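Per-chain residue numbering starts at 1, and chain names A, B, C, D, E and F are given in the order in which the chains are listed.
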Amino acid sequence: MLTNHTKFFGYDYSLEQADLAIFGAPFDSTTSNRPGTRFAPALMRLDSINLETYSPYQKIDLTEIKVADIGDLELAFGNAEKVLADIYTQTKEILVSAKIPIMLGGEHLLTLGAVRAVYEAYPDLNLIHLDAHADLREEYLGEELSHATIMRHCCNLLPPKTIHSFGVRSGLREEFEFAAENLNFHPFELDHMQDIANIVRDKPIYVTIDLDVLDPAFFPGTGTPEPGGVTFKELLDNLLYLRNLNIVGFDIVELCPPEDLTGISSAAACKVLREMLIIAGNAKNSL
Amino acid sequence: MLTNHTKFFGYDYSLEQADLAIFGAPFDSTTSNRPGTRFAPALMRLDSINLETYSPYQKIDLTEIKVADIGDLELAFGNAEKVLADIYTQTKEILVSAKIPIMLGGEHLLTLGAVRAVYEAYPDLNLIHLDAHADLREEYLGEELSHATIMRHCCNLLPPKTIHSFGVRSGLREEFEFAAENLNFHPFELDHMQDIANIVRDKPIYVTIDLDVLDPAFFPGTGTPEPGGVTFKELLDNLLYLRNLNIVGFDIVELCPPEDLTGISSAAACKVLREMLIIAGNAKNSL
Amino acid sequence: MLTNHTKFFGYDYSLEQADLAIFGAPFDSTTSNRPGTRFAPALMRLDSINLETYSPYQKIDLTEIKVADIGDLELAFGNAEKVLADIYTQTKEILVSAKIPIMLGGEHLLTLGAVRAVYEAYPDLNLIHLDAHADLREEYLGEELSHATIMRHCCNLLPPKTIHSFGVRSGLREEFEFAAENLNFHPFELDHMQDIANIVRDKPIYVTIDLDVLDPAFFPGTGTPEPGGVTFKELLDNLLYLRNLNIVGFDIVELCPPEDLTGISSAAACKVLREMLIIAGNAKNSL
Amino acid sequence: MLTNHTKFFGYDYSLEQADLAIFGAPFDSTTSNRPGTRFAPALMRLDSINLETYSPYQKIDLTEIKVADIGDLELAFGNAEKVLADIYTQTKEILVSAKIPIMLGGEHLLTLGAVRAVYEAYPDLNLIHLDAHADLREEYLGEELSHATIMRHCCNLLPPKTIHSFGVRSGLREEFEFAAENLNFHPFELDHMQDIANIVRDKPIYVTIDLDVLDPAFFPGTGTPEPGGVTFKELLDNLLYLRNLNIVGFDIVELCPPEDLTGISSAAACKVLREMLIIAGNAKNSL
Amino acid sequence: MLTNHTKFFGYDYSLEQADLAIFGAPFDSTTSNRPGTRFAPALMRLDSINLETYSPYQKIDLTEIKVADIGDLELAFGNAEKVLADIYTQTKEILVSAKIPIMLGGEHLLTLGAVRAVYEAYPDLNLIHLDAHADLREEYLGEELSHATIMRHCCNLLPPKTIHSFGVRSGLREEFEFAAENLNFHPFELDHMQDIANIVRDKPIYVTIDLDVLDPAFFPGTGTPEPGGVTFKELLDNLLYLRNLNIVGFDIVELCPPEDLTGISSAAACKVLREMLIIAGNAKNSL
Amino acid sequence: MLTNHTKFFGYDYSLEQADLAIFGAPFDSTTSNRPGTRFAPALMRLDSINLETYSPYQKIDLTEIKVADIGDLELAFGNAEKVLADIYTQTKEILVSAKIPIMLGGEHLLTLGAVRAVYEAYPDLNLIHLDAHADLREEYLGEELSHATIMRHCCNLLPPKTIHSFGVRSGLREEFEFAAENLNFHPFELDHMQDIANIVRDKPIYVTIDLDVLDPAFFPGTGTPEPGGVTFKELLDNLLYLRNLNIVGFDIVELCPPEDLTGISSAAACKVLREMLIIAGNAKNSL
């Protein structure tokens, strides 16, 4: 039998047939420390084939969720504004088709392009943000568009206190102070996820998962390791609180394959993707 | 002084002098993802020399336990049934000498050869199984003999509910349902180990430890990483509940050295081996 | 623009449209030393995208050659005879369509399946064989089907002296003696390639390239490193002597990606593939 | 703008201007297992630049603490006694200037040189010791000066029960017995740190942190991995109990960069350094 | 003795005291394949300390040449034009001081900034260019400023046939044709270096060495491996033909440390730097 | 069948039965750059099993040569003089039994211990020395016993011009000058090996092979990479000129396994060992 393992989890739906649409965004030009997140979508495709499609946590199989893998965007290295525009356009196109857009980074800056499109479609959008870093700088090395400024741009876009931020353990003093004032800010841990899930139950939700929220023991595949993060079980348990929310889009970013030769980071990313696909797809089905 | 670090922990007993007998089983031909467990016995021999022989957990030194390292089986790559027969024969030979057989894999399929011999010797055998994967498929890619089917073969061999399975977090829906019906099945965690140890206190016990029951943070040296596993301390603490059981054999399988360049997985495997040797050897001494 | 880099060199021809057809054969169960060649087709697909399609050596561009990438065979680990049958069937199917079959291993044993089909189609077939190892054993660890016996099987299949073997620098004394007697045997170097090319000019030719013919400095991505091999330039220069031959099929085998984290071996494999595609495709065009 | 990232955290104070003085001690000649700690100071300098200077745990920024990075000692490989003398001299020089000496190893043996100088200056010194290994042997392979004997030398130097040892999980039976008798010995965990901190509140304290007290999942960058250690969060939380103590010197030793290609161990070492600098520097400021 | 190995080869000259001035340019944002050349200057500084300062090839010691290491430029990721301006300014500043500017990349695009400044100072400048890639595209993925277009920009800047290009073995057909017409083009080998050296003997020369001109066997530390390159000896022997030329500046680019864990590529880069410093410095001395 | 691959090439002769005796010397305490040669003997034992015992170059099989693998010396880290004494004693013991001593390092300093014993037994001894480094310093970082001084010690021991040195391409100016005066010095290449072999035909010969004489492309497994060395073929071809010489001992040193994850360096070391065993053993047989 001939096969090409060229789509996530072996999915073979067209965009029309699917409820959710995944696209890869292989871009890392503003990464300031160790680059390489551009390789994440390709590696995750290969590794997703080795993951069981059944989630024993949710007792649901991926085959019950209709997902289209529509491929990777071809993004110009070194031109951040143009790249954000491409992502905005792609996300918008998926939303117009009434599908849930799912972006796999690439670096965290890319989230801005997706959020711009999703916020346009859902003016009462709330953002759930998991991350080791505040990403709230106004500029970084003189550049306004950077992985270190992405959440500041989101703050400028969305109304106050509609961003719920979890797990942050690194930033300037100014970022922590800004976060306390302008965000629903829950640093260091994911503890309050269940509470927040209850509060935003009737809102459209976009989830952005910077995988470095995990401790580097569980996720060494990052260019910016920040010891003191959450365990994989803590991440998984808290994501499950998002079941039954109205998730209108999500992204998983910052897997940096060259940093982790063992493959455990890519396996973690794929498992988070599997669970999130089931969470988002199942909620959509039951609406 | 001349030395060859060629036996586990520097042991130099013959089979006759020993109470326990270790043999290596370097075979991984049915491994479907990343192969390499064939290299585990050789690496563990080298690394065992760097581990203290004293267990501060049990306050016993390995020198108080008589172990023979009888070497590695020479196994034909690509011929699973013949390999299982070789392992059956070797295990039987050790049992006939009234020693406790200890197999170091290699892949998990090999356990079947050992269990066949041990069950023959102990008809009221109970199996304690630690693993990330259910391994309960009926066939895998058209082959019945596979690392993915090993526990199903054991189920066919032993009476119902004599297999006590811990830590499983990956499998088909069918496997989870089969397990719930036919095994003493304790997925995700090791929590019920102490209870089960009490229940099987008067039975002969074979323990099979697929090291991927550990979270890949603690055990990256695996070809099939499954995030969400137990910590090394949890594994160790729960193994200690097996003290005073009548352990008639055990195996430690699925260490895949090429996946872990840091050596922490091999160190974990050696420490599990040290503690299990003391648990099994000390219990035998006190019988 | 959306893209999936899922076909060699970005090719998008169907089998019908093409003159040459590539298939991957991800299998390494009989590998006796370090396994991992199963990962070669997937890695080469990704890396082929980074290679220019233009050959400055031949002054021809890959876009002038019509190639179909028909995907990978799904091969059962641990069942060599069945795997050879699958490869035979696939190769035959390509030949029946009057295309040139190109197999990317995987281990060298797989060549046997392809040669069986090609020889059936071309009874006056000659074989050009580049390799570090004689591969002429009658059995290996008790198994007749093994990467170490593949050329012996070919010798049994084809008439004497129709196999032209280059670069061999490792084997038993018996293999070297057998080779001298039964093959056109040119060990250590590729020096006589031009002469042989002249001799077989009017024969159908199958070329099997075990990439470990290269010195491990130029090709560290092998499980069986044999220092003392040829340089990449020597390989390339000698392959160019095969231009204008009637090449009716070829394979490139034994790239073992886990052994080479730098990617230089995969780059070498892709460049050999590019040049061979042009050599074989161009000759076919001019027939 | 031109820059050379050649000082820890970008600090640019002279010894005179500073309250604390860091020096590197790149030496690992007595390491018995895998060497390489000699490379730790250079790597930590580079990686410290990638760490935020603000501690969200203590809400203090490194810029509020005056630290001089005075460079690395040039130490003769293979001459342990001379090396200890060099470290003694350097430490003494810093103490004479009324600064807090901070040594970055290198192997743990080096601590002896520093403790000799600090004890001379503070006769009522107490030692807080975090480590996976007891390091209490009298000799190792016939040598008295070894990383395996360092704490025994400290015991011989200081009065009984002035050494408070945490986290030890490896050693000879004799070492565990000696420790129970002669040290304030808290093996396996860091649980009693807060109690001890209260007890020694009015004493001058030297802290020696062998980073292998961390579980190798969190700190794979060690030549002597000992599974079963503490998590990074546990380490961090317990170090924070040392705030307000009179810390007169500390060292961080045994980071072995070649063992950890991911950089998470170096990141852990840098974060421990940041927090300890703030703890020690802030306490000094408030005295 | 305290030391910080923070300058190339341990040099400690100020810009004023020196004849040559080195600066690092850690930038790789337009790299299309595997990024990481940003880490080259820092690694080369460390590794240069392990290289003897004496060249047995030239029988001259580096201590006879006055070199200032003025540090690294802090370059904004993701803004190529601004980065080129920074490099232009830095190079100009060195030229104005009548020193020879030496840039260590970073990616090859950076050469453009340096050449702009040098050409301004020396209108009859000739360029000697060693490279695996033609780098003569007009744009790449829609961007005009890219590592793939750098030589085209140089061609636009300098008069025809003043660029002497060696070793190119990869490019589009159009690039090879453009090169043949507009450059002194010597692809594949370095053979004609001596002839060219004679021809340009009375011209000011800028040398740009893209280290991937070396075969990846000798230089695996590249993100764009191109098998079929020259050996290290061939490179060294041909560089020696540049002795006594009037070298007014040079750069060494494209070392990508993350691709080569063995350090042999960095060692090669440092040795090329040592020989070029002696070649350029000695010629200047004798003018 | 049970087996322990614990002796070189599977040899099982006792010292009494053998003509040649191998011992390992795992010591690297004076290594100034990257340590790790201590791991070479253990790795070479494992890898020697994967090498064919037949040399197609000499048309002789290792089974025709009687070799005893007597194990590894247990050497105290950090005490060079004591270690040299242990090696002297061991070498002497082998010589007294009328066997040929073969030492596998470890670092090059160890050669001094062996040469002291061999020179005592053969006062007209000549030394053939292959190396990238002159190793002729009088002291290094204040220590007289160092890998960087070993050949100077040999010069002090043996009469002038009895040391024939090949391949050196790194050293101080003073070392090159000293070598030219006091040694038979053939730097950079191995060209004159055949001539020298003729000259010393009637002398007892000790051969010391520092494997870094190879270019790091062919031998990346070194802590001191020196680009510009010889190819593996050049090394092999020139060693074959030593056939029929009266070789009374040899060593192979400086393989540093942690530097080379691909295993090609260990394969090179094993192949050099195989050929040298045949050269030395066969010559002895024919005497």
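FYI, contacts are C-beta pairs under 8 Å (C-beta built on N, C-alpha and C of every residue); 3 or more make two chains touch, one makes a residue touch a chain.
All of these numbers come straight from a predicted model, not from anything done at the bench.
Q: Name, by label, each chain that touches both members of the pair subunit B and subunit D.
A: A, F
Q: State the smallest step count from subunit A to subunit F, taking one step as a move to a touching chain.
A: 2
Q: In terms of contact pairs by residue number, which of B-D, A-C or B-C shares over half with D-E?
A: That interface is repeated by A-C.
Q: For the copies subunit A and subunit D, give the interface type as same if over half of its residue numbers appear on both sides, and as different if under half do.
A: The interface is built from different residue numbers on each side, given that under half of them are used by both copies.
Q: Superimpose the Cα atoms of subunit B on the matching ones in subunit C and note the rotation angle, 0 to 180, in steps of 5 degrees.
A: 180
Q: Considering A-C alongside C-F, which chain pair is linked by more C-beta pairs in contact?
A: Between A-C and C-F, contacts are more numerous in C-F.
Q: Distance-wise, how many Å sit between the C-alpha centres of subunit C and subunit E, to the nearest whole number?
A: About 38 Å separates the centre of subunit C from that of subunit E.
Q: Just give me the whole-number Å value for how far the CA centre of subunit B lies from that of subunit E.
A: 56
Q: Return the residues of subunit D touching two or more other chains; collapse runs of consecutive numbers into ranges.
A: 34, 74, 215, 217, 261
Q: When you check every pair of chains, which ones turn out to touch?
A: A-B, A-C, A-D, A-E, B-C, B-D, B-F, C-E, C-F, D-E, D-F, E-F
Q: Which residues of subunit B touch subunit D once you look at their complex with the stated criterion?
A: 50, 52, 54, 56, 59, 61, 215, 217-218, 231-233, 236, 261-264, 267-268, 271
Q: Which residues of subunit F touch subunit B in their complex?
A: 1-7, 23, 42, 46, 70-74, 90, 261
Q: Where on subunit B is subunit A touching in the complex?
A: Per the stated touch rule, the residues are 33-34, 168-173, 176, 187-188, 215-217, 220-221, 224-228, 259-261.
Q: Note which residues of subunit F are touching subunit D in the complex, please.
A: Those in contact with subunit D are residues 28-32, 34-36, 38, 74, 76-80, 141-143, 145-146, 258.
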